[in-house]
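You will see two complexes here that share chain A, one where it goes with chain B and one where it goes with chain C.
After this line comes the complex of A and B, so read on.
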């Protein structure tokens, strides 16, 4: 794609999300979401392959349906409450609270509207998939954080629980790395939304740590263009440092204790138990084990074992890597080693 | 002619049905023209004359004409019309069925207030301490776009420009 057009489109993606995040009038929020959705379509079809076109079509259809449902809810809310602010939705209005949740979780890719996430992520390139799984989550989550007092908690907890289940079970049979990261995204969205009605600061915390981890995973996979587990198993020879970094980043993504990824899970379980939601916390913690299993399978084939290879692969002659990766080291450190900073959370409101 | 707006709203829904049942675009264009024109007449009947005239001129007279010309250039050899496939028949019949049920509810069970109960679309007259002012929502809204919400005008213009750019970029091909 030519550089001026790419610049315009990237600027518009940024503008759309920013417009959604700074508005308090529902119409402007919807306009920001639409601008965002429309301008990411050419990014999805940048590859010019039929699979990318199919992925862009699926993305467009689901997001357009969600926007339509959101518009219906906005107009219904305006009709019944007479005002257009985000923070004053009446929680007793059952249609509004239900369809609002359905529209926003459809935008995020949570169960039962998760079917597009693995297929769209698989159909596009690694960096585009990263954009899809990180930047596109910001706008709907910012809307949900503005209106969290009016959300029906039962529906949201049900959707979050189902997302964690589907994210865990769905990723088990995958060897394609983009689909694994897509199911990981579904599960993490489930964790984020489970705590929204109780303490939205924790949603923000989980979102930040998830964003850092996903960006670092996609960047490291992009350095050698690894798309499958099979190519990952040859990574020990090509760049052993990336192998080690993938190990600790995947363990952090799975939520293992001395790493940063443990922090959101720990504190979400604590908040859930404080609100007497022990069953939900238990089920989500057990389902996180499924996530950890397929990350462990990746680590097993990448760093912990060496698959049998012919002898000429073992001595690899390599030139300097050409792919630039911004912020690789700071992001790795932030996403794996900042668990000792967790008391800082007591200073947040 | 007491039921003028009600009858026009029925024609509006039927016009929407004629393109929602997805015939070939040139037939859908006909449905768009009819429903656009009738929609303009409905809101003009409620008193919002400026908006109706704007939609008539710019939407029907500008955008739909361009749309009609482009679909005439891109038409296919055997276009699907309203009676040609079972899918379109099904969509049409289900739409007409739902519209008749709605009509029955509006007429027999006293639901007209929902359909035609808009009574604040004309001008507002504010009586203040000294004097009064007349506020028309439609035309004052457009002028507010130029002075109170300048930035939104820029954002809306940018969004329109970018959507054309995106469409051209997506169909560019290799």
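After this line comes the complex of A and C, so read on.
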């Protein structure tokens, strides 16, 4: 795609999300979401393959349905409460709270509306998939964080628990890396939404750490354009350092101490326990182990074993790397080694 | 405590900046120096603990285990020299980095006051061990071994995290020194039974308890020598240490909840000892013998009498040294004949008499011969369990008998009798190997003279 056009489309995506995040009038929020969705469609169809078109169509249909549901909720809320501000949704209005949750979780890709996430992420290129799983989460989460007091906690906890389960079990049978990262996104969204009604700043913390980890995973996979587990097994020859970085990042994504990925899980479990949700905390923690299993499979194929390869694998030409990897080193350090900095959280409000 | 931790962290630059001739010398000598610095910790004042700061402390329970951990590092490095000979320098450095990071986490685990810090480091020890087992193990089964090891431990320890956070919220603080003063009795409800289970299961998987021990033979057998040594000697003791630390908040529920576990341990002791009699794989025999000894430790900790705590601590240290030595001996066999089958290399006493002496001493300590500290540990545990219930003497006595049987079986199978003809060209023992064995044996023998330092909290 030509650079000026790409710039305009990226600016539009940025504008859409920013519009959603700064407004307090529901109509503007909805407009921001629509601008975002419409302008990401050409990005999804950037490489002109039928698979990309299929992915873009699925994305468009689900997001448009969600936006329409959101519009319905907004108008219904305006009809019943007479005002359009975000923070004053009446939690006792059952239709409003239910359809609001459904619309926003459909946008985020949480169970039971998660079916589009693996297929759309698989159909597009690695960097576009990264955009899909990171930037597109910002707008709906910002809406949910603004109105968290009016959300029905029971429904949200149920959706979060189901997302963690589906994210864990769904990723077990996958070898395509983009689908694995999509299921990981579903599971992490589950963790983020579980704590929303109790302490939304932890949702923000989990989102930040998840964003950093997903960005570095996609960037590292993009360096050699690895899209399957099989191609990952050749990585030891091209760049062994990236092999080790994938190991550490995947362990952090799985939530193993002493890496940073453990921090959101730990504090979310603490907040859930403080609010007497001990069973939920235990179930979610154990189900996160399913995620760890398929990350371990990836780690095995990249760094800890050598797959059978042809004899001349070490004779490959080693070219200069051409793909840009902005901020990879600081992001890796930030997302794997900052657990000792966790007391910093007590200074945030 | 930083005087031990920072030099251990500084071993990283020592590794990465050494060249290929100096790397082993540097590592061994500096880790021996860290040993020397840790020795004064064994001088513990009576009932009190040495509180270095709010984060680190050492008392008479953690200092012998800490000493065992730092003592083991130079031994691991010496033992790994042979199988890493053919690797490239970077891979040697990576292997040693894994060992050093494991060491750092273990030192911090044994000296942590805050129980959540203990938990984080307890889990952190999994990552380097996993990498050592899976990357540097020798057979294809190592992949399964790594997965079993990781997931058994994690499934047990995630409820522990939730339980610790719940205890922190209800008690107010998880700092061990504060908990000793602020502890309350657990209520006798179903939910406190579940809380007890959540606290204990992580350590039961780590010890391991008989029903949850499937990961241990896999992990011990498939790990390279340093991995086996550290697993058998120290990582199993993490479970015992954790249980001993948590007993203060688990009363009086332990009196009721401990029954099924004590039964499983007593039965499991006999079962795993009997399996040892039928093993063909040498490392697998030593692994099952570890399960059997650790079952005694679990019985001791769950019975909560002063003598049983003394026996548990002494048995942990004694078993650490003995089983690590047995793994080194098995590895010296493996390096010569590249097989773990016991039948293949018999009658080694005719070829390597000094090594046969070490085999004899290791087998004798394994079967708890007086006056070694293994006997002191086992005797205290057996006496305590006899006073808890007279019937247990049948099981523990039978276990001592079967332990003697398989230890002597292992000794006579590998050392005595007619040698096999195909081993006539094995290399004689290296000085390194003899040093390794003597460095295992000398602490064992010398501790016989003053077992007070390993008797733990209730001496």
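One rule holds in what follows: the second predicted complex is superposed on the first by the 347 of 349 C-alpha atoms of A that agree within 3 Å, B and C clash if a C-alpha of one lies under 4 Å from a C-alpha of the other, contacts with A are read in each partner's own complex, and residues count from 1 in each chain.
Just so we're on the same page, contacts are C-beta pairs under 8 Å (C-beta built on N, C-alpha and C of every residue); 3 or more make two chains touch, one makes a residue touch a chain.
For clarity, every value in this text was computed on a predicted model and none was experimentally measured.
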Chain A: partner with more touched residues, chain B or chain C: C
Touching partner for A:321 - first (chain B), second (chain C), both, neither: neither
Partner chain in contact with A:19 - chain B first, chain C second, else both or neither: first
Touched partner set for A:296, first chain B, second chain C, both or neither: second
First (chain B), second (chain C), both or neither touched by A:35: first
Doubly contacted chain A residues - partners chain C and chain B: none
Footprint of chain B on chain A - complex, ascending: 1, 5, 8-9, 12, 15, 19, 28, 31, 34-35, 38-39, 41-42, 45, 48, 56
In the complex, chain A residues that touch chain C: 247, 251, 256-258, 262, 266, 269-270, 273-274, 278, 281-282, 285-286, 289, 292-293, 296, 300, 303-305, 339
Interfacial residue positions of chain B with respect to chain A in the complex: 152, 155-156, 158-159, 162-163, 165-166, 169-170, 173-174
Residue ranges of chain C touching chain A (in the complex, touch as defined): 105, 119-121, 123-124, 126-127, 131, 134-135, 143, 146-147, 150-151, 154-155, 158-159, 161-162, 165-166, 169, 198
